[in-house]
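Note that chain A is present in both complexes that follow, paired respectively with chain B and with chain C.
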Partner chain A sequence: MVNTLPYLNFIPAYVLIGISILIFFVGKAVPKISRLPVTVFFIFILCIAFMMEGAGSGSQVLFFNMIQIDSFSRLYNQLFFLVILSTVLMMSNSEEIDSDLRWENYGLLSTICLGMMFMVSSKHLLMTVVGIELVSLPSYLLVAMNKKNPASKEAALKYVLFGSFATGIMLYGMSFLFGLTGSLTFEGLWNGLSGYHILGSPIYFLAIFMTLGGIAFKISAVPFHFWTPDAYQAAPTPITAFLSCAPKVAGLALLMRFFAVLLPEQSEQMGVFISIVAMLTMTLGNFAALKQTDIKRLLAYSSISHAGFLLMGVAVMNDAGRQVVFFYIPIYLLMNLGAFMAIIYLSKGTNFQIDSYKGMIYKKPLLVVSLAVCMFSLAGIPPFAGFIGKLYLFKVVIEKEMFLLAIVAGINSVVSLYYYVYVLKVMIIDKDITPEIEFKGKPATIAFVASCAVPLVFFGIYWVPLLDWASKVVLFQ
Partner chain B sequence: MIGIPEIFFYIFCALIFGSSLLVVFSYNLLRSAFALFFVLFGIAGFYVLLGGDFLAVIQIMVYAGGINILLIFGTMMTGSISQPETSNPSFQGILTLIGGGGLLLILLIILNHTTWPSQSLIDHGPTTKQIGQLLLRNYILPFEVISFLLVAAMVGAIVLINKGERS
Partner chain C sequence: MSFIQTAIPFVPILPLIGALILGFFGKRIQASVGEFKTGILGCLTPGLAAVISFASFFVLITLEPEQRVFTIHLTDWISVAELDVQWAFRYDPLSALMLMIVTGIGTLIHIYSMGYMHDDQSYWRFFSYINLFLAAMLLLVLGDNLVIMFLGWEGVGLCSYLLIGFWFSDSDNAQAGKKAFLFNRVGDLGFITGIFLLYLFSSQHYDIVTLSFGELDQRALFLSKSSLWDYPLLEIAALCFFIGAMGKSAQIPLYVWLPDAMAGPTPVSALIHAATMVTAGVYMIGRMYFLFALAPNVLMFVSWIAALTCFFSATIGMAQFDIKKVLAYSTVSQLGYMFLAMGVGAFSAGIFHLLTHAAFKAALFMGSGSVIVALHHKQDMREMGGLLKKMPVTGWSMIAATLAIMGFPLTSGFFSKDEILWKAYMQGSPALWLIGFTAAGITSFYMWRLIFMTFFGESRCDKHTWDHVKEQPKRTVVPIAILAFLALVLGFLNIPHFLGGHSGFTDYLSPVVQDLEIAPSKLIETSSLIDTHVSSTMTDESLSVEEDHTQLEWTLMILSVLWTIFTGLIAFFFYYLSPKTRQIIMSFIWAKKLFQLLSDKYYIDELYEIVIITPIKAIFQICSLHDQKVIDGIVNFAGFFGKWIAKISAVFDNQIVDGCVNGTGWLSQFSGQGFSRLQSGKIQSLVGASLLVGIGFIVLLVFYFI
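Right after this comes the complex of A and B.
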């Protein structure tokens, strides 16, 4: 027999997150443990994991072709730790989270984290399925655990039904792929599909499209986006912020790894297919966002359209595209998390109507200015970082001569400006008629939003450090 | 020339097809749940025909024996199961019909026109030993990681039920 224990040396962060899952789930059985500062402990674990991934080097294929550890997986894992860290900060500043359930919540977040780490490093369809399910199942639970909003049960059920449907379609497609090629590793699959009698035949497209369905569900790309607005609206706001960032990033990374070993003629076909999905996703997300009156639904549709923009970088199918996607993701995380944190502070109970934010600039000037930076950045207005990210996405697409995709994306950027600016118009120009209200939020919330806004301005002017970071993202190195 | 395996294949096909129609169209939920037992049993028959002895037993034990019994218990605990208004046949509109029928048609056409690379059935003997070795060797990572998923599902179910009790 082969001893696989030494393999664990190469994946210390995975082991650490696995142990933290056990600690959070089992730990609650210990009496009087709820007095311990569990949030500090979780943040400490995440920081250690971040440093472990930073210290790693080299490329390894582990566990009999199951996972691949390389700079791609390490850097994405670091991003996941940062997102979960911000989510934990948001959760401890939000009233929508049941503080009795902190242990369970952190355990579920750790499980999602482990799932995302396996998604970005998997090179085998079985590991892909396990990773996707490790992310999906705790996500359903986190949506359902909202004690304040009675709609959360319904939204969670919708999420579960759509999720299991998407997984079913994905598994059906994978069974076709296995039947056609007799292999489950990514290399084996694409090599097996390269024969001329298979390439371009109906079953080839059917099998691949069905397999991509499960990944599209995680990115909430068209046509697997229907769950997004309902689940986002009913979930506690910190969970919404988390779901709008992390699983999407993991899905995109998985997609890039799935397409990393394509043969040239396959990459041509898949590039066209992904660019069609990208165009549909951004157009549908943007036009549906135009008529929203609830800020969480608006941000949900905005996140759908951003998934479309990020898919542009996937569609070009080369190293430049993958690096641009990684370049855009930290910017997207900053602006999205900042916007959601501002909503947590401004909202009362479960009222998230945009109209209730009239004249907020006179009450909380710093917060609204920071939110405005995030919103302008989401829309892609020049001095802010969102513009630079979109600029690079357009650059790689035009270099690959995908002009239609570039034109559609350009039109969509203009359309998206309308609804972002509408929110700011309500907050800044409209006069408030409601009596004075007390904000119960902590000052730390405003500091969080401001600390999201400052880097957005900084990277908008000087983005070289981010570009250097992104240039390290290379597959198989 | 039709051999004995082919005869059994068609018997299992008829069993699955007939009972799934019962599952979908029966007006009594309890009868649907019982009919599901025969669907799952028929699938176990397919595994036997393909030489997957271990899978067939697992299929009967877990699906036909375990999950289906749970389903039947669950159905018995719901009130007024024999009333037609709480029953399962429903018509969701013409668009759904077109969508579902179209998907069926596409699948039928594509799967019929595909030549699958097939292997002849070799008698490997009992598969239990090989499956055990694969699970603890090539597939050790998913095998271990899936346990985290089960723990998370269990904790989540307990938390949700607990919360419902308190409120």
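Right after this comes the complex of A and C.
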């Protein structure tokens, strides 16, 4: 009566990515296979997976209530494939990654990818744990992969310790939830928590807070953000770019799934809960970014603050909010990945000091202009896409009458402008005092940054296609 | 509160207390009061438990048969969703019997150990472990639900591991312990899968699942209608439980750990690996007979596995020279008889053989231990001989136990084994009977071979040892003699009807364990028709048929008695009367080959090595190769790492201090400084900070909403 194998038909992309993990780890050991052009192969797999997800339709609950396949999961999975594809491109243009280790790196990336896919389609706390750990464990390794910066090992170890701390907290919280409700599925859990005595009691908040700890760790939300600057600074830049996008998106998607089946009273409380987290996260990220002298650290804090902004969309707890989050995410990916790619090109060894970029506009005008578009977009200046994204976020928040959140977010937008513009000021206005240096980067890098910048301008003016795409993101359909 | 309800919980608790006291303070106690008193302390708690067990039993049999089932609820344990597991004990005729076996033989072996373990520096540790074992075994026996039974099941596995590897400084012993542990893990996986299956299907149809045996009994018929992957659920669950039993009770293919387990001290072999723990699988099937009764296919499977185990291990036993190895294979073989009985649905016969086997095998093991100590830890029978003169009590006790195991008329083995063979013939098939019958002859052969090689003929050990051989002290030989006496007389508990008895034992167990009235194979044929009406008519038919078989029963019994005496005489001839004939036969090439095959145990260990261990090792190899490649990069940097940590952290500090001092604007000074403090880079403070923030957060939320 319960034969699970036919379910595999419903999740072809999962199967494909699972197989690719195997291929990458086993293929390395086989001499004949290991000489094949692995990057092309991986990109090919990702494209196939992208198309598979595009072809899917309908909503299914699979594997004993463990997994929910719907348009939400499909579209997010497509985003993941895009991010990983960009990461692969960045990795092949970076000096910080040992190109001999490509097989392993791609294997690890595929593992993360599978984990993220589990996260967005998870319907059950066990699946949540599996997904989060599948993402976390390879991330630790990838952070340690920086061959130019020995500190990456130290940072990776800190990341591991902090990650296991967060996981421990999460599992503890889950055990509370299970004890309170006797269920591990999201529906069963919230229904079980609806009792009058539990709702709003300390144990209720403790359990939810601790359970969310693991997810907060992945989206680096306060108070589980402490690992972010160190890990981001020491990791190879492509990995930093990847970590600042994909797992965050997966975490947010998981969060939205987790909150998708709330009862009305719970959704009010949880809305307040998430909005407090959002405010703290964006404020902390922005203010800490103000004084950074290292561009990777600066972007790390910037990504924390953006996690805060994205949480605004989660905090409203309705379909509009979820669609705006999905609307903002591609924009965020473009500007963030563009900025990181520019850094890969500009960096010299382990030196990521902002001061070393003085007068860069005169040497690489196209790159700096593209970077400027990304930076302005990150700051949310019209007419770039980042502005539109933030506008919609504010819109749903104000519609839900969460004025405090809107005000705090507004102040934060203004503050963030300072440090983004500061980077540009150094590059464009300051005079160069360092001697002429050679850039080893390839022209492809500049093309990549430019191809991030152009859509940002385009979507800033005409964002209807994105809006259409986002409107397809509906849970359980 | 009756006596039983008050006293029974103390039965497992007392040895546990003993284990804890000796485990934590044993070394100090032994140092201050000496070895003897430590031993007394070790024997005290099992002794008390035995007194309670026997007293409870005598209270129990005064009650009406219908009132003999007690469920003693202590406290709640796991109560979540549908699952409601409780700390509860079940005291009924079956567990009462097992309690007496475990505590009774356990106490005797404790006393015996005082002599056997004399002068061992870890005397206290031994008693602590073996007390812990008793506690776990009693938990297994008394547990009212599968979870508590599993707790005991794992507990005895742990103690078995600890005790097999008791002399762990010798790596062979440690290996044997690990082997036993790993093989048991395979079985335990089956057991726990069975629990999960029952829980899963029970929770789909009922609001509360306690997994207690009473509840399972009520629901078994209902659950038998469920199916998993198109197979009947109960068949799968029963198979899972039997896999658990295979591991614990050393059945094919998981039996190979038991002979190696003889590396442990002999009292351990006697208690754990002969009398109690290895019979846990039989007990478990008896406990859940209602489940197995609804799974006739699995019962067939059990009976065939058991018959094969019984036969093959008996043949291996013929060619061993290590006295304990012979007994170990004999144990595996006798366990095969018990499972054979279970498999043909003669549950009470299996339990009865468990009882008699516990007595005679414990006596044999303790006797062999006594011989081993007397010969200064020599275990090879080729270096023994003629010991009866020097060690009369041990010798005659072992001979008595051997008479019992071969099934000499009116000894305990005679009643229990013939009952099994008869049921195998009637409810299994003649083929099963033939295998069991052959194995009985082989048993008689190798047991008499052991006796003649050890106690008769000329001594083959060196002169120095021979001169020092003497009978063991009273605390060693008295327990052996008691058990040997029991081995002779226990059979009278269950005299079958055709010999003029009343099958008292079967009647005693009948409130909790009922034998199948029809053969499992017939059950399969009629399984589509299973309902109470049909099975009751079937019962009537089979009863009426049974009347005609008294003559056949007599014939089979006389056949098997003659056959065992005959093989015993062969052993007498080859090993006592004329060893020369034996040597002539052994000089033939086919005989050598055959002997080699048997003494190498059919190369089963080697087969496992090739089929399982080598592929696993190959996988390890591939994994490690891959690991090396991945980690390579890290290894290359390892040298630089230490040096760079210092430098990096110095640079890091400078940056932060710099940032604080040269911070631009009041905003960054005011806020950035604060955040950077948090970001000190020390993982402890990071975790601490996030915990503090988290606590503040929760407090805030709680106050916000209340």
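Everything that follows uses one rule, which is that the second predicted complex is superposed on the first by the 474 of 477 C-alpha atoms of A that agree within 3 Å, B and C clash if a C-alpha of one lies under 4 Å from a C-alpha of the other, contacts with A are read in each partner's own complex, and residues count from 1 in each chain.
In this text, contacts are C-beta pairs under 8 Å (C-beta built on N, C-alpha and C of every residue); 3 or more make two chains touch, one makes a residue touch a chain.
In this text the structure is predicted, and so the values were computed from the model without any measurement.
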**Report entry** Superposed partners chain B and chain C on chain A - clash or fit
**Finding:** clash
Query - First, second, both or neither for A:247, with chain B first and chain C second - result: neither
Report task. Scan A:223 for contacts with chain B and chain C and give back first, second, both or neither. Result -> second
Query raised in the report: Of chain B and chain C, which one touches more of chain A's residues?
Result: C
Query - Partner chain(s) touched by A:460 [first = chain B, second = chain C, both, neither] - result: neither
Query raised in the report: When the two structures are overlaid on chain A, which partner does A:126 contact: first (chain B), second (chain C), both, or neither?
Result: first
Query - Touching partner for A:380 - first (chain B), second (chain C), both, neither - result: neither
Requested in this report: Have a look at where A:287 lands relative to chain B and chain C in the superposition and call it first, second, both or neither.
Outcome: second
Report task. In the overlay, answer first, second, both or neither for which of chain B and chain C A:67 touches. Result -> first
Query raised in the report: Which holds for A:138: it touches chain B only (first), chain C only (second), both, or neither?
Result: first
Report task. Classify the contacts of A:197 with the two partner chains as first (chain B alone), second (chain C alone), both, or neither. Result -> first
Requested in this report: Would you indicate which of the stretches 186-194, 294-302 or 420-428 belonging to chain C has clashing C-alpha atoms with chain B?
Outcome: 186-194
Report summary line: Note: overlapping chain A surface for chain B and chain C spans 1-2, 25, 98, 101, 104, 141, 144-145, 147, 179, 182, 201-202, 206
Requested in this report: Sort out for me which residues of chain A touch chain B in the complex.
Outcome: 1-2, 4, 18, 21-22, 25, 62-64, 66-67, 98, 101, 104, 107-108, 111, 114, 118, 126-127, 130, 133-134, 137-138, 140-141, 144-145, 147, 179-180, 182, 197, 201-203, 206
Query - Sites on chain A touched by chain C in the complex - result: 1-3, 25-26, 28-29, 98, 101, 104, 141, 144-145, 147, 150-151, 153-154, 158, 161-162, 165, 169, 178-179, 181-183, 200-202, 205-206, 209, 213, 222-227, 229-230, 269, 272-273, 276-277, 284, 287-288, 290-294, 415
Query raised in the report: Tell me, which parts of chain B touch chain A in their complex?
Result: 106-107, 109-111, 113-117, 136-142, 145-146, 148-149, 151-153, 155-156, 159-160, 163, 167
**Report entry** chain C to chain A touching residues, read off their complex
**Finding:** 80-83, 227-230, 622, 625-626, 629-630, 633-634, 637, 640-641, 644-645, 648, 655, 658-659, 663-665, 667-668, 671-673, 675-676, 678-679, 681, 683, 686-687, 689-694, 697-698, 700-702, 704-706
